[in-house]
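Two complexes follow with chain A in common, the first pairing it with chain B and the second with chain C.
The block that comes next holds the complex of A and B.
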């Protein structure tokens, strides 16, 4: 069990609290407004990208680690950060390549695992 | 009961009768389930870092593992139960993104493997990618023009 020693417990608590709070914001939006879950996902990704572009979200990532990167705002932040980094290196073409490059792992995994998982699923599941 | 004349009265009546959702309980559940998912991510991240991966690569590994797990949990119909209980707690983390890909494509499986499964995968994930990627391009262009991120108040 030597991997247990590698865990910094403080970082776990931070990511639990910050990640939980971001989810509570989403829950309040669901309960208090008439937004559908799809719109909330879009809202969170866009917000994350804007906050990332302004450089604000990075403070949250530095503080909470996965608590800030695992929620979809982190996905948006990743896109924005990648775009800025690529613009620094390649100029205007970087604006188009950087975002997706940074998020490529997540997008590809979602497409690939999503397709496989749908194939092996049982077809009957009308009750949501 | 007196008859309801105007639309306004009717609205009021409906609001009285419909059960108000227990927002505090929902928020509490969303908090601890969402927190737990992020904590699992942090544990994976710590392990990756201790194996010598960089921060960016560790983040990508975390996303891939969480997406994989939640995709398969969705196909086994377990994720829907968690989602019903936790609400935004399982929707907002990247797990919700994976779930939003698998659930519609499962439903349209009968329409075939190309247009059914392959096409419907993006009913919810499509808008997310469209707006996320477009925003990132705009941010890149803005950065190019102003050459600074410090439009921020910082």
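The block that comes next holds the complex of A and C.
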């Protein structure tokens, strides 16, 4: 049971709360505004990218770990971080290549697992 | 037939609704009206590979059921008016391609069933003996076409309505024992500038009001003339709006007004938010529940006002508002 003792409970709680709060924002936007889900997703990515570009989002990542990187805002942050890093290394061309390079793992995994899921499952009617 | 006022036709020999049929999906089968439908499906695919094929099968089987229940030979039915919500009305045209009856496809969004009844009644008064009218919708195919793919799994906002999975069909005849279609009031397109495709009740209520007022003006009738004034699919939100709007215009419809979208689901238990919608909504609720009420002589006069939102996914994406329409038929014994 060593692994159980090695769990950092505090960081688990932090990531749960921060990740949850980001989702709460999304829920409020669905319930209280006329924004479509697709627009909310785009809003989250761009917000993450802007906060990432300004260096603010990193504080949240340092604090909450996966609670900040897993929600869509984390993807936006990743794009911004990657672009900034690539500009430093390769010059202005990095602004175009860096973002997607940094997010390559996530994008490819999404395509791969999405494809697998489409093979083994069938869409169903919503419950509500 | 004779024209009354601006938008109403009164039939000299009112056509009879000889027989009706309705088939609904699993969600409707769990609703309060389940026992009135001819058939309730256990799953939304009904053994087909796609939702579109399933919807075609639903309308096809509903039409066949209505014809066989009526006892009228297929060959004696002279025209078929049918429509649905899918692009180019493929549910109806694919589902009914083997029907071998002259086919007139119609689109009036969710008002299609009553549009069909109106046109059917006119053609019976003009020349035909038997006419078939049908309409269908399917939650999954409609959601996919008008909003988002179901695979996305996004949430539905509280004002959104639930597209009814199901079809209703009616056989109209020149002679019979009723219920009779005595009047039709065809609606104008009314656009009050509402853009939210998740709040169709609000978009369609002004159109329903316009047709309602027009019907009363043209016929000289008042709300109390009818046992039931029934709108197609305004849902809980639209129903409230229409009740208020009518009151402002001096018509109190509170006591005998209801909406098919409100009746078909149990709001609390089924979590369908603002209620049911779709061509199948008023088609199944009328064919399932109200036709039987007529047959048992529990009601004698209904004003059925089917409401439609005349948008498509492109117009929504381009930020256009939603034009509403409402067609009324007066059905009496």
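As a working rule, the second predicted complex is superposed on the first by the 121 of 128 C-alpha atoms of A that agree within 3 Å, B and C clash if a C-alpha of one lies under 4 Å from a C-alpha of the other, contacts with A are read in each partner's own complex, and residues count from 1 in each chain.
The rule is short, and it goes like this: a contact is a pair of C-beta atoms (placed from the backbone, for glycine too) under 8 Å apart; a residue touches a chain by one contact, two chains touch by 3 or more.
Model, not experiment: these values are computed from the prediction.
Looking at the shared chain after the overlay, A:84 reaches chain B, while chain C stays out of its contact range.
In the superposition on chain A, contact of A:31 is made with both chain B and chain C. Touch criterion met: A:109 reaches chain B, while chain C stays clear of it. With both complexes superposed, B is the one of chain B and chain C in contact with more chain A residues. In the superposition on chain A, A:119 contacts chain B only, with no contact to chain C.
When the two complexes are overlaid on their common chain A, residue A:60 makes contact with neither chain B nor chain C. By the touch criterion stated above, A:15 is placed in contact with chain B alone, chain C being left untouched. Chain A residues in contact with chain B (one complex) as well as with chain C (other complex) are 27, 30-31, 37-38, 118, 123, 125-126, 128.
Those residues of chain B that touch chain A in the complex are listed here as 21, 23, 26-27, 30-39, 41-47, 49-50, 56, 59-64, 66-68, 71-72, 74-77, 80, 87-89, 91-94, 96-98, 100-102, 105-107, 109-110, 113, 117-118, 121, 123-125, 127-129, 131-133, 135-137, 139-144, 149-152, 154. Those residues of chain A lying in contact with chain C across their complex are 27, 30-31, 34, 36-38, 118, 123-128. Listed in rising order, the residues of chain A touching chain B in the complex are 3, 6-8, 11-12, 15-32, 37-38, 40-42, 44-46, 49-50, 52-56, 64-67, 69-72, 74-76, 78-80, 82-84, 86-87, 91-92, 94-96, 98-100, 102-103, 105-107, 109-111, 113-123, 125-126, 128.
Note for the complex: chain C touches chain A at residues 25-27, 44, 139-140, 143, 148-158, 165, 196, 198, 270-272.
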